Amino acid sequence: MKKITRLFLALSLICVTMAMSHQKKTRIVFFGDSITQMGVNPGGYITRMNETLKGKGLDAQYELIGAGIGGNKIYDLYLRMDSDVLAKSPDIVVIWVGVNDVWHKASSGTGTDADKFEKFYTAVIKKLQAKNIRVFLTTPAAIGERTDFSNSQDGDLNYYANIIRRLAKENNCGLIDLRKSFLAYNLKNNPDNKESGILTTDRVHLNAAGNTLVADEMMKAIVAK
Amino acid sequence: MKKITRLFLALSLICVTMAMSHQKKTRIVFFGDSITQMGVNPGGYITRMNETLKGKGLDAQYELIGAGIGGNKIYDLYLRMDSDVLAKSPDIVVIWVGVNDVWHKASSGTGTDADKFEKFYTAVIKKLQAKNIRVFLTTPAAIGERTDFSNSQDGDLNYYANIIRRLAKENNCGLIDLRKSFLAYNLKNNPDNKESGILTTDRVHLNAAGNTLVADEMMKAIVAK
Amino acid sequence: MKKITRLFLALSLICVTMAMSHQKKTRIVFFGDSITQMGVNPGGYITRMNETLKGKGLDAQYELIGAGIGGNKIYDLYLRMDSDVLAKSPDIVVIWVGVNDVWHKASSGTGTDADKFEKFYTAVIKKLQAKNIRVFLTTPAAIGERTDFSNSQDGDLNYYANIIRRLAKENNCGLIDLRKSFLAYNLKNNPDNKESGILTTDRVHLNAAGNTLVADEMMKAIVAK
Amino acid sequence: MKKITRLFLALSLICVTMAMSHQKKTRIVFFGDSITQMGVNPGGYITRMNETLKGKGLDAQYELIGAGIGGNKIYDLYLRMDSDVLAKSPDIVVIWVGVNDVWHKASSGTGTDADKFEKFYTAVIKKLQAKNIRVFLTTPAAIGERTDFSNSQDGDLNYYANIIRRLAKENNCGLIDLRKSFLAYNLKNNPDNKESGILTTDRVHLNAAGNTLVADEMMKAIVAK
């Protein structure tokens, strides 16, 4: 074999390797509200996932993109999914929504009816799946960390979490059941039945332990071991 | 003994007997909202208690008075307690309130803040106890009968029930924990996690089984065996 | 000219006339909530417009299509506009929405925030105009007919009506200011400051006078004289 | 006349003067919510009234007492009127309440139904008048200063203000119609239809101009010229 041929072969090999490594980079969009918006901050759950991926030497294979906006409800996600999600051609989308749909009922009279929540949520899933995107659904973790279901919105949160669990099953989506994980953690670590301070700073948004728990649960669900 | 003396003795005996029988009649006022208002209807829980007392031959010893008004919250009870309760000089008052304090938050924006609920409830108890009235507190049974705490107001109902349980302890009142009884009954008899139809007609107001359960629980708590 | 030629000419004329008359038929979709859903009933405002068009001999030129669904808010319109409006290739769309966006704040805690209302409303307009559809906006007429602005939701209705008036101007849409027309009518015909019964049956839905007023206002705005 | 006699006469005169000046001191309790609670601060409307009285040399004739507690609604006033008002044996009570009864409907679902508002308000008036106290009622000034009735709670505020105006008439109470005064002032001084900053700092609580206006209106109504 001539020199020049060998050179070309070597170059080809490099190109293929690069192409393959490039091909392999799985793009994940995290689509949600203020909790996800804060997820890309230092210490945030998306930031932690990136660090974990690096630690495992998997950072070349995954690209994590935050697409959270404070105050968003399910219909806000529907309105902005073209520009904020589909435009980024993700392989995977993780939807985490529901807290504002419930919370705003009490705080400003502008929550989302359960039947409309399901309708818009289904529309979001269908539109993502039509683009061959793998979809993961997340249950709303908490509005208050008391473990005896005496947080004011527990009834609705349980109900909306049930809807999401059912939608995951019906639409063959992955399920990351944060509400279940948070309750289990609090049953062990919140003996005084406190409202916040265990996994959240303010009943809703994540503290360090909360970000770690969420990052761990997401890694388990999404990233192949 | 002369005839006239005997006559007087006989008359005295009759009077004493009447006085005693009159003395013994324990007057119980049931103080509450629409659930209690309906309690005096045929089949209502107060009506059933009367029938049970009759069956046990105890009807001469108790007088049951309904004082329920639809839509009442704790501060409504406070406003009308002089005219509707104290004016009747009861020996016992059973307070059953809380459903509207929670429900009206969602249905009309006019529920009761938890701290105010406790404040007015305490004022009602103190005013009754100042008249040497024995006071029984009742936890709000249900707004929805689902057993997985996915009824919309379960969070608040659990919280307000906790307040009432604590108030009973702190003020040495009897406690009739209907919320606990209803949940226990539903866990056995509501396998399909239905919203209503087990103990209520409409998630709140009692059907036949509900009236029976409440009457039984009240009899156990109030009437000496 | 031969017989056969004349026949063809005659046939051509008929075809052209039919084609033209067919071309001319302006298709109008009325896009809204329960008020519009009821508009196609006997006596409803859309039915009345059809009758008026017939009376003027204009019924061959217009096709009126009702697309109202009870309980709809602006984001419901956005979700279903492809299937319920665009699929019908209308020339004109009349949007009448806003009552539920405001009302549901108080009745079920699921109204629409003002900024989101504007955002979704703008998205609906843009999407219609991108298809060269002429768009008319309608202000929400009333939730209660008292004329001294003491109807519970008057503040929000005035605010959301202002948003719609501004959106009409900014987007070059026609404006049918029903809120203004209703108030003017009530100032003349509701001397006792009654809540309903003048133009509505129940503070919101139209009675005969209401349907007539709305039909008249729409005719004036949409149909060339 | 002997020296000693003159001395006694002089002393008597002083005593009588002191007694009279003491007798004359009219005690006014301002009974309300956070707006009144802030009224006793430097610059607050009660503080300003005291300064005005001093300027007129009338400070010896009036004693102004603030009895405002943040977040109070009409039933809170009813609950604490014995300890906070009647215990101070006032000659005059100025009631200023209603903002929270309306506002809390939207902010926390715990406002006051209009019919209950009237019921408790009437009970407060009756109880004060039974002690021969002169009662002044005040309409709720504002939740938002826009002048076109597009502040979110304007409908309810107008309605509750109407109730208060009627109660003043029916119960022969003085009326200080702050809602009317605020609107008149804003129509002159708020050409840009701003939400706050004219008479309030935050749509509800008084700025310097607001405290001055309220103090002036109260002076006019209560203090004989």
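For clarity, chains are labelled A, B, C and D in written order, and residue numbers in each chain start from 1.
Throughout what follows, a residue touches a chain if its C-beta (ideal position, glycine included) is under 8 Å from a C-beta of that chain, and two chains touch if they have at least 3 such contacts.
This is a predicted model, so every value here is computed, not measured.
Visitor: Touching both chain C and chain D: give me those chains, sorted by label.
Guide: Both-contact set = A, B.
Visitor: Along the graph of touching chains, what's the shortest path length in steps from chain A to chain C?
Guide: 1
Visitor: Answer with same or different: of all residue numbers used at the interface between chain B and chain D, are over half used by both copies?
Guide: Counting shared over all numbers used gives more than one half: same.
Visitor: If every chain is reduced to the average of its C-alpha atoms, which one ends up farthest from chain D?
Guide: A
Visitor: Can you compute the centre-to-centre distance for chain A and chain D, using the mean CA position of each chain? Integer Å is fine.
Guide: Comparing mean C-alpha positions, chain D is 53 Å from chain A.
Visitor: Chain B to chain D: how many Å between their CA centres?
Guide: Comparing mean C-alpha positions, chain D is 40 Å from chain B.
Visitor: Rounded to the nearest whole Å, what is the centre-to-centre distance of chain A and chain B, using the mean of the C-alpha atoms as each centre?
Guide: Centre separation, chain A to chain B: 48 Å.
Visitor: Which residues of chain C are in contact with two or more other chains?
Guide: If we look for residues of chain C contacting two or more partner chains, we find 105-106, 108-109.
Visitor: So in the complex, the part of chain C that touches chain B is made up of which residues?
Guide: For this pair, the touching residues of chain C are 106-109.
Visitor: Under the touch definition given earlier, write down the residues of chain D that touch chain B in their complex.
Guide: Residues 75-76, 78-79, 104-106, 108-113, 116, 119-120, 123.
Visitor: What part of chain B is in contact with chain A in the complex they form?
Guide: Residues 105-106, 109, 144, 148-159, 162.
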